[in-house]
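Mind having a look at this structure? Questions to follow.
Going by the order they are written in, the chains are A, B, C and D; count residues from 1 in each one.
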Amino acid sequence: MTPEPAPEWRASAWLNTAEPLSLGHFRGRVVLLHAFQMLCPGCVAHGIPQAQRVAKLFEGAPLAVVGLHTVFEHHAAMGPESLRAFLHEYRVPFPVGIDAPGPAGDPIPCTMRAYAMQGTPTTILIDAQGRLRRQVFGVHDDLLLGAEIGTLLAELEQQRLEATDAAPAAEHCADGRCEVGAGATTRNPLP
Amino acid sequence: MTPEPAPEWRASAWLNTAEPLSLGHFRGRVVLLHAFQMLCPGCVAHGIPQAQRVAKLFEGAPLAVVGLHTVFEHHAAMGPESLRAFLHEYRVPFPVGIDAPGPAGDPIPCTMRAYAMQGTPTTILIDAQGRLRRQVFGVHDDLLLGAEIGTLLAELEQQRLEATDAAPAAEHCADGRCEVGAGATTRNPLP
Amino acid sequence: MTPEPAPEWRASAWLNTAEPLSLGHFRGRVVLLHAFQMLCPGCVAHGIPQAQRVAKLFEGAPLAVVGLHTVFEHHAAMGPESLRAFLHEYRVPFPVGIDAPGPAGDPIPCTMRAYAMQGTPTTILIDAQGRLRRQVFGVHDDLLLGAEIGTLLAELEQQRLEATDAAPAAEHCADGRCEVGAGATTRNPLP
Amino acid sequence: MTPEPAPEWRASAWLNTAEPLSLGHFRGRVVLLHAFQMLCPGCVAHGIPQAQRVAKLFEGAPLAVVGLHTVFEHHAAMGPESLRAFLHEYRVPFPVGIDAPGPAGDPIPCTMRAYAMQGTPTTILIDAQGRLRRQVFGVHDDLLLGAEIGTLLAELEQQRLEATDAAPAAEHCADGRCEVGAGATTRNPLP
């Protein structure tokens, strides 16, 4: 199975970010896309806290956590105003897109349809080349999610090492010293 | 300290019940009143599940669990439509009143003000005579809440026994047999 | 069902107490007897932490928490030396009796047999008159245990009030003031 | 920091395995070594359940979970007989070595000393080349542990792919078909 490019996101609005975010924006970083509904109990109890912990634990790593509000029921109860209050009260720090409504008569929003999600919560991993690598519906185990993130970060590190071997070093200079490939370091790299 | 009568509730609407409920409706039963906001994380994670467990565990006892939606912030995000979806998704089975708005300019609703609640979640216990016996702001320990409920149920049982001793037995007859004070039995009475 | 006197305990040794403890020692107080084995996962994960929380939360109330080590399997692995280390590491503060071995050939110890316990953990409630009021095998819900404790404490309080009405007040004087029936107050009495 | 070879283990006995296990036995596989004491509350509540979940979740992957009983206190309370009962009651399925006693007068056992462990629980990761890559004292987060395991498994996969490219394919033939590098597949490989 060769991984396929992840479908582009379609959001009608974004919260927690100054500008709209496309998939291309994250090229070179692993992306954890967390699709949720603010009134979905499994999202509130498990999915969102897990995404928050990932965002915090991998803060220095080339990994982005992005939320996607994929409302497919109770649309009137989960409008932008309610979502904004929800993100504030639950202290969700990462960008959240509001999935664009589907065509007339379809309660399923666009991105949810494009990824063929089965419901919420759905956890999606996209690699640094923008390819869809993992999609899990329901509660996802921390150990397995961690292993998947570790695998994608290790792949990215390997690619950087190979690029560094082949090409003149990409330097990052500051404070009177220069580092090679400094952006690739994770917060807790294995020696 | 002699317990005082609990202030009357003032609700603008009720959900999960065919008719509005007043305090007087519950005379003769202990009442657990759970005041919450649907976007309050402590309510969703602790208070509401606890109230649901009380409702289930004490199903046969003379105890009523009642919810009160005391919105004092993000009013636009927690309207009746959103609350209705919330109660459905979280499978809240007990009646929930929507606390009546305060006077113009006051974000605190009427009943919340009358009880001088400090925030949400707030757990309130009212005895079978309609008196306010306990009010706890924040997460309330299961063991302590259980003990308070047990105390009020035991008081009620004691009153029924005394009433039974003093007066002609209040009979409850059905299925060809009559019981004395049958309504007082709890689901798991101590021998 | 009239409650029966609880069977006397038979312990071969006691830990966390200067002297052996009999049931009679606790007359006038409610007793939570927690029967456990130090290598029983349900005891370690649920029963013992619950007994510890009861001991702490009801510290000022007329309630005693007592442990009973009822070993009925792996006897060689759970001797007094191992139990002593266990109580130290798990910071168990209440007295623990070691249930006396059964007659030759019987792996079930004496008190466990006398109460007809089905296994561990077993939670037992004995009222202030020394009567067996509740015996639960397995994980016991905090709310229900709390309610049972509350019921027995309320009964005890009622008896003290009646005794106070009938007899000259039992006074408790200190710091220039005298209280009536002061010993009956719980840490968090309901008003 | 170049990773160093992990110190050899020294065990006085092994449980849950027919024969003693040395580090060399696991060459070609990632090793999670969980050092614990059977009466250490943090080990029982967190470390051992985590090691059990790793063993189950990564069952098909080139990863071995090994326990090490590193007793440094209460030696008399945690002898082999007690450990055997503990492993049975807690359903620990993986091999467990009993760390060899230190020299006379040293309460710290040999392997614990060789790894300079600070206490229990200690979680150790050794890569497929036998090098020490991670050592964490105390509760270790599932997401981080998962990421570390994922990184080491991804490295191993990368090495196998490179070996496959450079050399004639290492074939694994059975049931009438042959697979290349079949041993490297994980249970839930990313596409």
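The definition used in the following text is that contacts are C-beta pairs under 8 Å (C-beta built on N, C-alpha and C of every residue); 3 or more make two chains touch, one makes a residue touch a chain.
All figures in this text were calculated on a predicted structure; none of them were measured in a lab.
Any chain bridging chain B and chain C, meaning touching each of them, is missing here; the list is empty. Look at the contact of chain A with chain B and you find the same residues on each copy: over half of the numbers used there are shared.
In the Cα superposition of chain A onto chain D, the rotation angle, rounded to steps of 5, is 180 degrees.
Between chain A and chain D, the centres computed from C-alpha atoms are 31 Å apart.
Centre-to-centre separation between chain B and chain D, using Cα means, comes to 52 Å. For the pair chain C and chain D, the distance between mean C-alpha positions equals 42 Å. Touching of two or more other chains is recorded for no residue of chain B. By the touch criterion given at the top, residues 1-3, 50, 53-54, 57-58, 125, 133-134, 141-155, 158, 188, 190-191 of chain D touch chain A in their complex.
Considering their complex, residues 39-41, 44-45, 74, 76-78, 81-82, 84-86, 88-90 of chain D touch chain C.
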